[in-house]
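Okay, so chain A shows up in both of these, paired with chain B first and chain C after.
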Partner chain A sequence: MSVSITAEMVGQVIISGLLAGALYSMVALGLALIFGVMRVINIAHGTFLMLGAYTTFWWSQLLGINPYLSLLASMPLMFLLGVLLQRTLVTRVVNAPELSSLLLTFGISIALVNLAQLAFTSDLRSVEYLTGAWLVGPIALSKSRVISFAFAVAITLFAFWFLQKTKLGKAIRATSQSSEVALVCGINVQRIHLYSFGIASALAAAGGSLVAVMIAIQPEMGQVYTFKSFLVIVLGGAGNLPGALLGGMLLGLVEQLASLFLTTQLSEAVAYVLLVLVLLLRPAGLLGGRST
Partner chain B sequence: MKRVAPAVLVIGLLLLVLYPLMASGYEIRFMLQLFMWVALAQSWNLISGLTGYVSFGHVAFFGTGAYAAAILVTSHGWHWAPASMMGGVAAVILALIIGYPCLRLKGPYFAIATLGLNEVVRALVSYFESVTGGGSGISLPPIAATGQIYYAMGLAALAVTAAAHLIITSRVGLRFMTIREDEIAAEAMGIDTARYKLYAFLLSAFIPGVVGGLFAQDTGYIEPISVFPLLTTITMIVMVLFGGKGTIWGPVLGAVTLFVLQEMVWVRFLYLHQILFGAIIVVVVLLMPKGILGMLQERYRLPRTI
Partner chain C sequence: MKSGIIFKLLRVAPMALAFGIGLGVPPAAAQAPIKLGASLSMTGTYAALGQNQQRGYQLCAKHVNESGGVLGRKIEFVLYDDRSEPATGVRLYERLITQDKVDAILGPYSSAITEAVANVNEKYKMPMVAPMASTTSIFKKGRKFIFMVQSPAEVYLEGLIDAAVKRGLKTVAIINEDTLFPKATVQGTIELAKQKGMQVVFVEAYPKGNTDFSALLTKVRAANPDVLGAATYFDDAVAITRQMKELNVSPKMYGVTVGGDLPKFYELLGKNAEFVYGATQWEAELPYPGSKEFTASFKKEFPGADPSYHAAGGYAGCQVLVEAIKSAGSLDGGKLRDAILKTDISNVYGGFKVDQDGFQVSHKMVMFQWQDGKKVIVWPDELAAGKLRFPTPQWNQR
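Now for the complex of A and B:
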């Protein structure tokens, strides 16, 4: 506390916050997509992130190829797993009360996390790649974080382009606005659900692959991302996709600012306090209602 | 049936009261833990089974109670029994802080808010080292009170089951269940849903806090990882879903069945056991959403209030 805070430190914090925030935005976009299209909160979202991170770990461990290229494996793999889970399990609770989908995805997440414990053990793993930092003036930019940021931004922009411009993307947004009307317009809503769950899982997996080069990997790492992604979509307004971008950046900034003033243990609690405050003061999110 | 059931209950209770006189230390501890799980499962049932608002962080109340009681016992020289009651009070205060903002909203906000709760409380407990001992935990003075804690734990399980019975057979219970079935309709009928949800939540937090305090005294040593494990929440949820959520005896049935299986068989296969828990949740949600007891109720036309 006694350390005086300089302009450089604030600059560093803002940059770090944005770097972290882009990842949050990308991962939360997936959760927002599933929630928008199916009104399902996917408690297993972070589990896909964890599996994506393990894909990257084994990719670089076994193949020895650049970890960022593992996105080519983790995203399609988790897309398929997501489609499979949607097809076999989640589809049965889409129109059921929220209780069912929350519990179902919670059950899926427990099963997958413990399968990962069994298969990969709970040892901490890490992918060593580009450990240095670039110095821009007084600000140090961790190389892996900057590259992960760039990938996250590119993937997020691509996802937005896809949702805005392609026929499938438009069908997804239409289903999100009203699945009855979408059905009447000849959109195969069941198939849209499959694609949405797949895309969301791929986004989570991308998040996993990108954090794998920064932090330690273990089977229970996903839960905190489920929580943070939810916080991001609450900040942005549930079901509001541009809101998810804003929310992610905001969460990144707040966390980094908190780490400047507080110890790490307390800054973990900051996201939580933020959630409770937003729910108290602005329950519809910062941007308000739904917009896709 | 109407006359047999109370008789069976009374005889069962009598046997449980006399049990410590004839059982070994290990057997007493086994039953003590069983009571603990009944109490925890039944508590989760009060909020999630009755109002349909899922709490993913119920172990936070258990841990908070354990710490509050342990601090009162070690630093302030309290007896463990009143200290455990204060553990329950501490848990209720925590529930008030979380529940007040989150339960005013509908939908999954509450569930997610409880998802992070456990981690946050654990982080805070680790941080305030001067009070909680941080990562090194708190050791409670050892006392030979297993027998007394057995009765206290049993009383907690009995109290929360009796409370479930009182609630489910009363208008308050109907209000809770109306919220679960259709919250908008509940509001339209004049039920102050925010208030009743909060009542259910506070009620469901109290006993886990008390039980946490008893657990702390029984094990004699607590640390953040031992009283805030996610697995405890998972176990509570599985027990209730398996037995039958929203019923009086479902959580008891689930707790007894799964605890016995867990102690006999699964303890040796930790991760498999948790995979199985995940699978049970999925299967119950998809195939028998009312659990074992709910299925029996439908098949044999048992009364709803069972």
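Now for the complex of A and C:
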């Protein structure tokens, strides 16, 4: 009672995988940035994604403006929230053992999720905009996913350009390579931490805004993205930014292909088996450790 | 030391709660009232649903007493809160039977708690009409004193299959959340489809909490079934419907089980919910005897509460018991059992008749279709309020 797999199906699924993968890459890039710069594993990363999604929901609900434009609100808002949290809380655990940062960000995540439940209730919400598909021969291209993909690619490319070419971006990368040397060179490392956390939160929020037009929104939706981002940066090499891109695309493809050739139930297992294999064979990730 | 105190607290707390929540109608008749016992989930996970079932029980007691009671006596409920926990339920039924010495009992909310407490009433040979348990296995373990009121998981998609066969459709695909209840639905649907000569072309489960159905639906599209049945809860029903449009999966009929009946389903999906079929145990507008009166007096008695199927089922379960007491003319467990086994009636909740195992054979699920933002009952024919819109058009032609 299963179907035989055709080339069309594989094509459809590869496209689905790439569309999902670009979002994973963008969101995981934020997590990689924080880890690279501060050695902090941010369990609350997905929470920012959830808050971004709610920003988009309320934006389109209350203002009735195109949900994609809400990126202009969700990214700056979460940037500010990220900066605020870094300034008040996260800064205290930057040089502490990794367990401290895990506990702290876990706590932040629980607090924010519960606040969201109080404020927004646990009811599912959705932004109905551009449902349906463009049909290209035998392949269906989901309108919302294709547009989200385009935004994700653009935002990711912009983030890379920013890190490569601007002075601030270079300072962030320098801090990521060695914060002591950066400090000696006159870089204000504290300030770089603020910017990094802010940018990372904005990337998560962008993910949330783009996901909001694809799936239903609820306060606990972020968790799964935290895990996926974690998987992505371990695959790519923790703190390695190009590695996050590669890892995200890889995760998207592996999930979809495993769902196709095996079952949806096994696809998650396959992703984690891949993680274990990478950790066994290339413990530093596919592209090696911190490289920016 | 510490754990000792906690253990004591755990033992005392349910008692305190039980006393706090026990409800009773003051005895009015000269003769002592007939005491009916039940535990319900008034707190915990199932609270909202258990509370509505409780309202059904209370309303039933009120109506029975207003019309003169049973065997010349009033009825009175002894109700406890099981906190949505099977173990607490077991303790409470034990207490109801041995300490409160109730004359008869009614079932708790949910399959899980019913399964647990069914051993207690079995031990004391006290019949239990269980209105809110629809897992077949509970009734297939050789128990003699438990009776089912609603339809089992296996027939949730019967309407979809039956309506499809009548319209000459040949193939069906089934997808489901990989948990107990949806799995039972899938098993039942496969059986039904085979009996009716439909070919099951694709079956696959997905994990609980899944949000991306792309690959699964790609396979469904390749299988190209006439009918797609999804054994769902709620979140997944919404996501699957949405992603079917994204992947252009357009079967001639598409139905979901649980979740599709909530108003929220249409709120979230808007016009993409049009043409979707759903299954339900009961709807207020069904033309069952006493249904209108039930809904009206429920709304009057409990303003703000929703007369859901949990309330109607509780009310009907209580009615069945009361009728059985009347026809047995006695409160003896054995005689009551015989009377319930002989019962063949139609009430607020639809038909009630059980086989020798206590398994429900008369109650019918109904199937509705979302039409212009409303749930229109389209199956079975004798209860249908409207015609089904068939076939479901391609997504780009809706």
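The rule we apply is simple: the second predicted complex is superposed on the first by the 283 of 292 C-alpha atoms of A that agree within 3 Å, B and C clash if a C-alpha of one lies under 4 Å from a C-alpha of the other, contacts with A are read in each partner's own complex, and residues count from 1 in each chain.
Basically, a contact is a pair of C-beta atoms (placed from the backbone, for glycine too) under 8 Å apart; a residue touches a chain by one contact, two chains touch by 3 or more.
No experiment lies behind these values; they were computed from the predicted model shown.
When the two structures are aligned on the shared chain, A:Leu115 is found in touch with chain B, with no touch to chain C. Of the two partner chains placed by the overlay, chain B and chain C both lie in contact with A:Val224. Of the two partner chains placed by the overlay, only chain C lies in contact with A:Ser144; chain B stays clear of it. Shared-chain residue A:Pro283: touches chain B; no touch with chain C.
By the touch criterion stated above, A:Leu80 is placed in contact with neither chain B nor chain C.
When the two complexes are overlaid on their common chain A, residue A:Ala133 makes contact with chain C while staying clear of chain B.
When both complexes are overlaid on chain A, the residue A:Met9 reaches chain C alone and has no touch with chain B. After overlaying the two complexes on the shared chain, residue contacts for A:Val181 are found with neither chain B nor chain C. Judged by the touch definition given at the top, the superposed model places A:Gln265 against both chain B and chain C. In the superposition on the C-alpha atoms of chain A, the part of chain A touched by chain B in one complex and by chain C in the other spans residues 224, 263, 265, 268. Looking at the complex, you find that chain A touches chain B at residues 41, 43, 89, 92-93, 97-100, 102-104, 106-115, 117-118, 220, 223-224, 226-227, 230-231, 234, 263, 265-266, 268-269, 271-272, 275-276, 279-280, 283. Listing the residues of chain A that touch chain C in their complex gives 1-3, 5-6, 8-9, 12-13, 16, 20, 123-126, 128, 131-133, 135, 140, 142-145, 215-216, 218, 224, 255-257, 259-260, 263-265, 267-268. Across the complex, chain A is touched by residues 178, 200-207, 209-216, 218-219, 222-223, 234-235, 238-239, 242-243, 245-248, 264, 268-270, 272, 395-396 of chain C. Note for the complex: chain B touches chain A at residues 48, 52, 54, 56, 97-98, 101-102, 104-105, 107-109, 111-113, 115-117, 119-120, 123-124, 126-127, 180, 230, 234, 237, 241, 271-272, 274-275, 277-282, 285-286, 289.
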